[in-house]
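The first chain written gets the first letter, and so on, giving A, B and C; residue counts start at 1 in each chain.
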């Protein structure tokens, strides 16, 4: 039934709008990407770029209204999900695909114990007794390395530290051993050291279990260490896609370059050295109800030409296989590499 | 929790003293001649005055009178009325009826209010939502005695479905209409509170998590949304039990129910100090304890609340 | 190595995706937004219109009727509605319509003065309690509990019968003042709690702490930070209480201890009508209708204002 070349998850030209009438916001404008088993796809972008909406649409938990899916397809192992009935989608959730949310404090129900919330899945999806399910829940907490899991399983979310809560969230997502895991900013709200631990844990569990992982983040630093491939989103579009090494070596979109330039890097951390100057991207992301004509990034782009205001650049192959970028001048940027001093004049000028 | 309870109980003491003294002072201390009108048209006989002065310690300063009264009260002695009836007997006869009425009212408002709130909170905007919103507005605007008088007139006198005047020892069935009248206002509040609370929780992150776990809609709503949303509703109901037991004077008056309301009303008009202060003391204690119980209950329902 | 991390975190500080859309909601924005919301609500317009009509009725009753509400004609006792007296006549043969129109002024006066008084006393107490904290807070809260512990009607009966023996005839101004003061004395703890909670919450905010650290005095902090932020909830409270107090006045009058003859108020009319409700239903029904509509108007207005300024309930 399942053909060999089918992806675990394939998103094809997904379009989502919010609201109606004049205030309609086009949140997703043709997003396409895929994930295979055991692979990590990082989705990178600023706030409002459509990362979370993509994740929610895949999971089938987008609030409609105000959201509205206006086109495209989401296929899980070749099965089209957007047209599927709600019961089928529900059975896939938790069992085949699961999600880790950003803020574990609000994503966990405050009035039930952590164990109860994990055990729910064993009780209602596996038909286990309350007691057996609690034992399994404690095992899950143990799996995500929560010390004293047997005692802590009875505690409430507010009694956990931030990092522990996020671990519990991961345990909950992995309870039914899903094939696809979507992590929406799983470590953003945490301290840096805890952030690293959480990412490490996720990466390890993914490798052990062969789970496909979609990692949504705005944090280049997080992405660099764990992602196999990276999709950069801007204003509801994927503007660049490549494997991690290629993207870092030869970004093909000025927005990707901008993201890199606005993050300090180890190799230019000389104190007071010229290279230590950060160059943030000027301006703000566009309002999704008034996306600029042409290339949506042109108002903020230091290299914008006339063509950029007129034509939307398609996402196309630029050089390396599977390296795609949506910029009229992508080839030039790829050829240039992320050689920052060379672009500095243009950016500041 | 234990220490919190103890501290709250200690805080009740000044409130209890303040309220009872206030009422004692108002009923007894302000009037120039406590015996005015007590003995019909004639002035009271010196013997009667002497006896009453002795019974109520009227020769002492007001504060001493109050303290003597309070001392007796703490040993369970509510004192006697002017005519010599034990106040505790009066209360024991009347209070069960008021409690029954209050419980009927709370039951009615809980069932109807929560049902209406859940119905609109889950469905969202639409005809039913507007209908419930408008009905709650009207219920809030209707004074208890107007609802009571109209229902008594229509259901009792014209249609003959109920007895316009409730008998001395009423059954639950006979208290249904008075209970509805008494609980109508709170019913509206409960419907609104439930609705608002559900609306807030409907978009909560933890509800989304529950959906993402693949739980059935029924379980998401029943276990994750309702439980969280009903916490404020349950606490409101708790406060209301305390409040209604003291607030039934109008309803009892309209339906001629022989509860605590009528007793205190007559007591005030006859300046029967022992009855009035005794009942006020009782009502205040019940009200304050009900609030305390509700606060403690809140901690049980919502594990985030910690008292220490 | 380690110094990269804080910068990464700082960039990620934008909380969520939707928040990036609108950043222009300052304090002025709140009032402007609230008004824009309010204007679109039919409930608000209905309520405002009703209140306006009631106000005109209270100020210029002669616009609505030229009949003297106190003229009694026992021969016409309990007359049905007719062109002579549109809503019929009460037990004493007085024109119900004229009485209901003239009942607006005392009723609204009590409502207005009582809600003003409650808000002033309560807000002052709450402000002091919430801002000063410690033993002041404890004292004010306990005193508030003493008055809040008395059930409203019970407290009203005790106070009003103490100062007016039943059956005694008292002047118009005196009785109105007494009713207003009674309501204020029994209701101020409600306003106190709202104000206290708001003052407590706001004085914990970082910007208030910052202002204090910069040397702003208590008057400035209260005036600049706390009062403006508590205005909306207190206004909503006052509006809704206006309606509630109209009902309270009627309840006290109904018991025969509030306003009374010669003052005409809807509560007085209902009180007079209850004995003979079977024979003369119009004497009960029409003043009750006026009363309900008036209470409804203020509750609706308060509701609309709250919804407009507090987006959570939408």
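Criterion: a residue touches a chain if its C-beta (ideal position, glycine included) is under 8 Å from a C-beta of that chain, and two chains touch if they have at least 3 such contacts.
Please read these numbers as outputs of a predicted model, since none were measured by experiment.
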If you take the mean of the Cα atoms for each chain, which one ends up farthest from chain B? A
Using CA atoms only, can you tell me which chain is the most central one in this structure? C
When the centre of a chain is set as the mean of its C-alpha atoms, what distance in Å lies between chain A and chain B? 55
Taking each chain's centre as the mean of its CA atoms, chain B sits from chain C at a distance in Å of 22
Provide the C-alpha centroid distance between chain A and chain C, rounded to the nearest whole angstrom. 51
Under the touch definition given earlier, write down the residues of chain B that touch chain A in their complex. 203-206, 208-216, 219, 223-224, 227-228, 231, 301-304
For the complex, which residues does chain A have touching chain B? 59, 61, 63, 90-95, 98-99, 101, 103, 106-113, 120-121, 124-125, 156, 158, 172, 176
Within their complex, chain B touches chain C through residues 11, 14-16, 18-19, 22-23, 26-27, 30-31, 36-37, 137-138, 140-146, 149-150, 153, 157, 196, 199-200, 243, 246-247, 249-250, 253, 264-265, 268-269, 276, 280, 283-284, 287-288
Quick check: in the complex, which residue numbers of chain C touch chain B? 142-143, 145-146, 149-154, 157-159, 161-163, 165-166, 243, 247, 250-251, 254-255, 270, 274, 277-278, 281, 284-285, 288, 291-293, 295-296, 299-300, 303, 312-314
